[in-house]
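When the chains are written out, they are named A, B, C, D, E and F in that same order, and each has its own residue count from 1.
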Amino acid sequence: MNFEKYNFIGFEADYDESEIVFVGIPYDGTASYRPGTRFAPLAIREASLGLETYSPYQDESIEDLSIHDAGDMILPFGNSERVLAKINEYASKFIDDGKKLFSVGGEHLVTYPLFEAVYKKYPDMLLIHFDAHTDLREQYLGEELSHASVIRLINRTLPNKSIYQFGIRSGEKVEFEYGKNNLNFYPFHVNDANKVLSELPNDVPIYLTVDIDVLDPSVLPGTGTPEPGGVTFLELLVAIKGLKNKNVVAIDLVELSPHYDQSGVSTITASKLVREMILLFSK
Amino acid sequence: MNFEKYNFIGFEADYDESEIVFVGIPYDGTASYRPGTRFAPLAIREASLGLETYSPYQDESIEDLSIHDAGDMILPFGNSERVLAKINEYASKFIDDGKKLFSVGGEHLVTYPLFEAVYKKYPDMLLIHFDAHTDLREQYLGEELSHASVIRLINRTLPNKSIYQFGIRSGEKVEFEYGKNNLNFYPFHVNDANKVLSELPNDVPIYLTVDIDVLDPSVLPGTGTPEPGGVTFLELLVAIKGLKNKNVVAIDLVELSPHYDQSGVSTITASKLVREMILLFSK
Amino acid sequence: MNFEKYNFIGFEADYDESEIVFVGIPYDGTASYRPGTRFAPLAIREASLGLETYSPYQDESIEDLSIHDAGDMILPFGNSERVLAKINEYASKFIDDGKKLFSVGGEHLVTYPLFEAVYKKYPDMLLIHFDAHTDLREQYLGEELSHASVIRLINRTLPNKSIYQFGIRSGEKVEFEYGKNNLNFYPFHVNDANKVLSELPNDVPIYLTVDIDVLDPSVLPGTGTPEPGGVTFLELLVAIKGLKNKNVVAIDLVELSPHYDQSGVSTITASKLVREMILLFSK
Amino acid sequence: MNFEKYNFIGFEADYDESEIVFVGIPYDGTASYRPGTRFAPLAIREASLGLETYSPYQDESIEDLSIHDAGDMILPFGNSERVLAKINEYASKFIDDGKKLFSVGGEHLVTYPLFEAVYKKYPDMLLIHFDAHTDLREQYLGEELSHASVIRLINRTLPNKSIYQFGIRSGEKVEFEYGKNNLNFYPFHVNDANKVLSELPNDVPIYLTVDIDVLDPSVLPGTGTPEPGGVTFLELLVAIKGLKNKNVVAIDLVELSPHYDQSGVSTITASKLVREMILLFSK
Amino acid sequence: MNFEKYNFIGFEADYDESEIVFVGIPYDGTASYRPGTRFAPLAIREASLGLETYSPYQDESIEDLSIHDAGDMILPFGNSERVLAKINEYASKFIDDGKKLFSVGGEHLVTYPLFEAVYKKYPDMLLIHFDAHTDLREQYLGEELSHASVIRLINRTLPNKSIYQFGIRSGEKVEFEYGKNNLNFYPFHVNDANKVLSELPNDVPIYLTVDIDVLDPSVLPGTGTPEPGGVTFLELLVAIKGLKNKNVVAIDLVELSPHYDQSGVSTITASKLVREMILLFSK
Amino acid sequence: MNFEKYNFIGFEADYDESEIVFVGIPYDGTASYRPGTRFAPLAIREASLGLETYSPYQDESIEDLSIHDAGDMILPFGNSERVLAKINEYASKFIDDGKKLFSVGGEHLVTYPLFEAVYKKYPDMLLIHFDAHTDLREQYLGEELSHASVIRLINRTLPNKSIYQFGIRSGEKVEFEYGKNNLNFYPFHVNDANKVLSELPNDVPIYLTVDIDVLDPSVLPGTGTPEPGGVTFLELLVAIKGLKNKNVVAIDLVELSPHYDQSGVSTITASKLVREMILLFSK
């Protein structure tokens, strides 16, 4: 007899035999406006039960990959530094074990300790960042460790030219100027992303981080700081397919806040994005 | 003194004098993921009260047609076979009485007995199908009678080349292959539909079935299995207008699930679609 | 490293070492009015994370018991008979393995095959039934296998005087008369339940089935057919504590429909009820 | 073949043969705080489909009465005076035709023209009023015709001692003093209502008006100005049953605002109240 | 010590020193379909706290302007004529004091007394109108003073050729014909607006009125009469930027109904529109 | 001309002339289960507009008091220690200026710095605590500064016998034992509170802190950790009226989370509680 245990659909491999690990990071402690991303990982798994495992867009199935659903990280609460240290510890274990890593947030700050775990192994890595917001603040309301500063934090370690930003449409004037002057900065839309990404070398290690609010709020209302004027689902799909056959070593999808969309469409959309994004790990 | 009886707005003809019958089919017994389409027919009627009877898109008014709102079919519960037989009985009566038929689901399985009633009278008919899903399964979780297999069921009777599918973007690999290899299969979008449909002969009887999830979930979140990457309202409007001045004999609109969209927009959109689609019956 | 796998909180035993099995039965195929109970088992587990494992009402903790969370039954769809056979197969396995069984529905019809599995081993059993509705119909819209007839179905096997009903406040006139004339029938409230139950012999095997709509809709709006005029949470707690130190061998909690209560309170209440009810298994 | 036309369940009589007329009055034009009662009449009819026609509380069935569901009044918009005149016209017709009248609002101001129609025929009538609010203002924000002044308006015609108020728990100091000094005023609860009402003479004509916010918001959140500290469903039931076998000639139920309670419980509760209240017309 | 007083973010000037006044008009008394716009002004202010003050689209910040948030007008209730007189009184004061005026509705009827206040000072003004509906009715259900007739009311004073309509996609046949034959009428989309507007003379006084339902309901579900087939946020942004460097003297944004969109996205979108529109006042 | 600025209704005094200060503390940074209390202060003010200023329960009006609505504290984010220091700074200023203080949270942790400000001036004070939870943890997930430990934190300073707890029905076993053995501990209900409180000496300074989840979730679903089995609105009203004519110097109301109750009833209830509680300041 079999039982439904609410893993993400088709992610059925044991840890040891798996090539890819899928893990939830239910943390939203620095959300400044509307919290709730802590509920995303379980919601995405539940929504995945209504999903086909086959992608007609890529003509591939997640059943062809060997993916382990590890469950969610168990995190302390209230003190960001301790949380980040713990996330880094989990992620480092996966990376050390030779796994490719697909993480689901939680808020965007979780990308910082994930990045550090990946960077330790792949110091020549690139960061590909889709988002509505620059996340380039030096601090936010006096805090350095904030969802609004995560790319700036990473940029302390990772060189300017290893960072690509797509779809940005909100931030302070100084953030926009910093992006334009220093990074590979493609604001307002993702029309250039497919071409830019497909021209990257095939062997350089790539970390893909997608803040789901890069999508237009009509497509995905369930997020803490929705920004009108965003991209469609198909535009994002075309964009990330620029990474097909590249050396993607880690991916995260952050900032889904399921309770803010009672139709469930946001979570269903995120779940479908997980399917399309995790297929980037296939060769 | 007049009283509001919550018919669809402008559908004021008596049965005998009417050319067209509008009827609700509140059945969702095989919904596998998120049920609720049983609530659609009444919701659509209520929403229609906020609708203009005039369509500026077609420069016509539903008041120019003679339409009878019959109310909803009264159906047994729990046993699909008995339900389908009952639906067929209702529909056959309408068809036998020489009516054109506009049905509102309910789930997509209701199209099967409707089709049978229409086919009996019009064996040379074509089926025009808009949907996000192929609905071409041979069975679904062991059941042949399922919303996910309705077109396959019809295809047992209706020849391959009499079936047109538009907008499909989700299914199993075998379903996509079946569609591509056998049917008039136009997946992913509806851009070709207007041209394809307007080139059909003017006298062949046509059954139009629209699963409302062909629309993008941003446009219509209120459905059981929303599929990101769909079409806009105007794209669908252009598509179905390819049937203008054709010999449309029956239409259905299925899979609206009003409770999943608390803004009411999904139901309002469905209601407006009823107006635009029923004008296809005008000459 | 540990991971959150969304078992019910504190239900951490392996199957072999466990005394009690907790299982979800996500079936709502005969719901006539408002479906949605299929979503209850996972929702209850998620809500349990906000729950204390200690009950101040009973001064006991679920951590003192040895409980295995098996996940959910995987069920075919659309054909009630096949579903019930499958549920019976799962339940019989648990009972044969000597487990006490706590099931979470799903609709009330699931109690029928559970009962059959329990009855096979304990033919001298009693059924204790809390509900707003009699569930004593001979058929419902032509179907014998219905949530509205589940107690009548059981009553074909189990003698009248082995059935106790509490809290009933809705039904047809013939159902009320049948209950009054044949069963141990305590309608409208549960004020007598504690006394009646605590006077039962200590060794007779007991199956407790609680349709959660016995609670007043103010306390629990998240159910398919809410009935005003019901009981409070504390009244139900006092009532079921009449079974303390009795020989309870199986329990179910059915008819929670989480989506109908967006505050989440209904699911939280159901989750707390699971804690209080499963402590009836302790000695 | 029969069709569901969404009348209130069991209200199947033709107008001419009926003893009682049920009519909706979808007007909320003077709602000062949160509008939405215009949606109540249709919502109550839809919810009634999940209701039993038999009341175990009164051991009677609405099928034993002869009730015609007339649909809703069609009202002009924006100008209160014209609306009230129109309501009076409809109601006078019913009263003149010898019908007993059950009206569903809409806001409480609709009771004013209903009262006038009833009073014209029964000048010795009593008004029994259940509400959370006094509705005794001389004007509200400069308007005399307001939901907050409806009883005061009636009181211009109907003598002080012909008005009974139960359950009042909100108002201005002057309103409370007016009530205490002039009317039959029973504030804060309805504990005395059954006794007071059952001691009324059996032949005096009675108009019963129930503002549904007399119920506690836990029982009925779906209303425009919910007032904590109200009565339970069963308390209200006991109270109105004091009118059993009295000469009730007209009843209204007002101020349900369905959209404010997405669980649907408020509308279901109102629907069940309609069943219990309309049985007061039986002898 | 500072305190948050929930002004619109960045609107910090005192009245006397300000160039621009921002004011709320919480009136929805003639809403015929779904009321609720009265809640918009406060909701927009609250949502603005999650907004950046910098617009990357215009490379300007609202902090560069001198804007006073006056709070909301306090209006009588129930009688449209008195309400409109009061709005006119408030607006005339602002205009007389030499302020530019940004008003947030409330329903569209509020534009009529605002227009009158502006017209008195600027009789050579133009009216630029974005909307899904013509608002050109001579009356609505017998009322001349209606949200559905506001442009027709203005047109009694303002010449045909001083009125520009963009994005209209719903109305009666006679309304469409009136618009086409008499006004500057650009129905169905806003593609021509930027060009048409930028070719207006720079010194003519301009009143911009935006009914937010010109946006597609996918972008903005939170409005009383959503109309599928509308424009995107970016299309509207491009359109109104045709007014950059023109002599805009007054702006209003009407018909947001926050409660109909529980994701909050509609209010956030309106708040961002306020930012983009008020920057039209900058030179 | 007057403008609505959304102060709490009737709180119209200037700071200097006021006896009482009302202030919001929108902080929920340590919420472990479901965040959202940061939205409470503004929501309570908005809901207060539908409230009468007169309390029939106490036959007094808030207009008889001199109350200043200060707005909300502006707080840093993410670091609990800095937040608490800031709250203490605000509160100390009010206390030093001789004000009585009514604070609205936010989460319960905000009571700690408020207590410290009050205790500094009134070291002989008593703390009266209504709550569903003990809040007596030594730490929570490793954090000492947590909503779940706020009373334990206070207890480091304030002697056991100066702390009164009412209504507690959830916690760990050690917490219940600590409460029973050390504090004035009245669990499960508030039936004794009126008597206990009214017997306190009239001159001892009293701080009243009410976690709104002491109310039953049927009465108040809008809170982060609802606990079934709580008290009614009227029971709480009777309880706190035990403090009438005592020397109450500070009050707070915490843990309302408005978004979890879309009916708005929770916020309306909280708003009415503010009215009833602030009248405790009157003599």
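Note that a contact is a pair of C-beta atoms (placed from the backbone, for glycine too) under 8 Å apart; a residue touches a chain by one contact, two chains touch by 3 or more.
Remember, predicted model here, so these are calculated numbers, not experimental data.
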>> Taking contact as defined at the start, I'd like the list of chains shared as neighbours by subunit C and subunit E.
In response: A, B, D, F
> In this assembly, which chains make contact with subunit A and also with subunit D?
Replying inline: B, C, E, F
> Among D-E, E-F or A-B, which chain pair copies the contacts of B-E, with over half of them the same by residue number?
Replying inline: A-B
> If subunit E and subunit F share one sequence, what is the angle of the rotation that overlays their CA atoms, in steps of 5 degrees?
Replying inline: 180
> So how far apart, in whole Å, are subunit B and subunit D when each is placed at the average of its C-alpha atoms?
Replying inline: 41
>> Using the touch definition from the top, which residues of subunit A touch two or more other chains?
In response: 32, 216, 218, 262
>> By the document's touch rule, what are all the touching chain pairs in this structure?
In response: A-B, A-C, A-E, A-F, B-C, B-D, B-E, C-D, C-F, D-E, D-F, E-F
>> For the complex, give me every residue of subunit A touching subunit E.
In response: 32-34, 169-173, 176, 187-188, 216-218, 221-222, 225-229, 260-262
> Which residues of subunit B touch subunit C in their complex?
Replying inline: 28-32, 35-36, 76-80, 82, 140-143, 145-146, 259
> Mind pulling up the subunit F residues that touch subunit D in the complex?
Replying inline: 49-50, 52, 54, 56-57, 59, 61, 216, 218-219, 233-234, 237, 262-265, 268-269, 272
> Which bits of subunit D are touching subunit B when the two form their complex?
Replying inline: 1-6, 23-24, 26, 42, 46, 70-74, 89-90, 93, 262
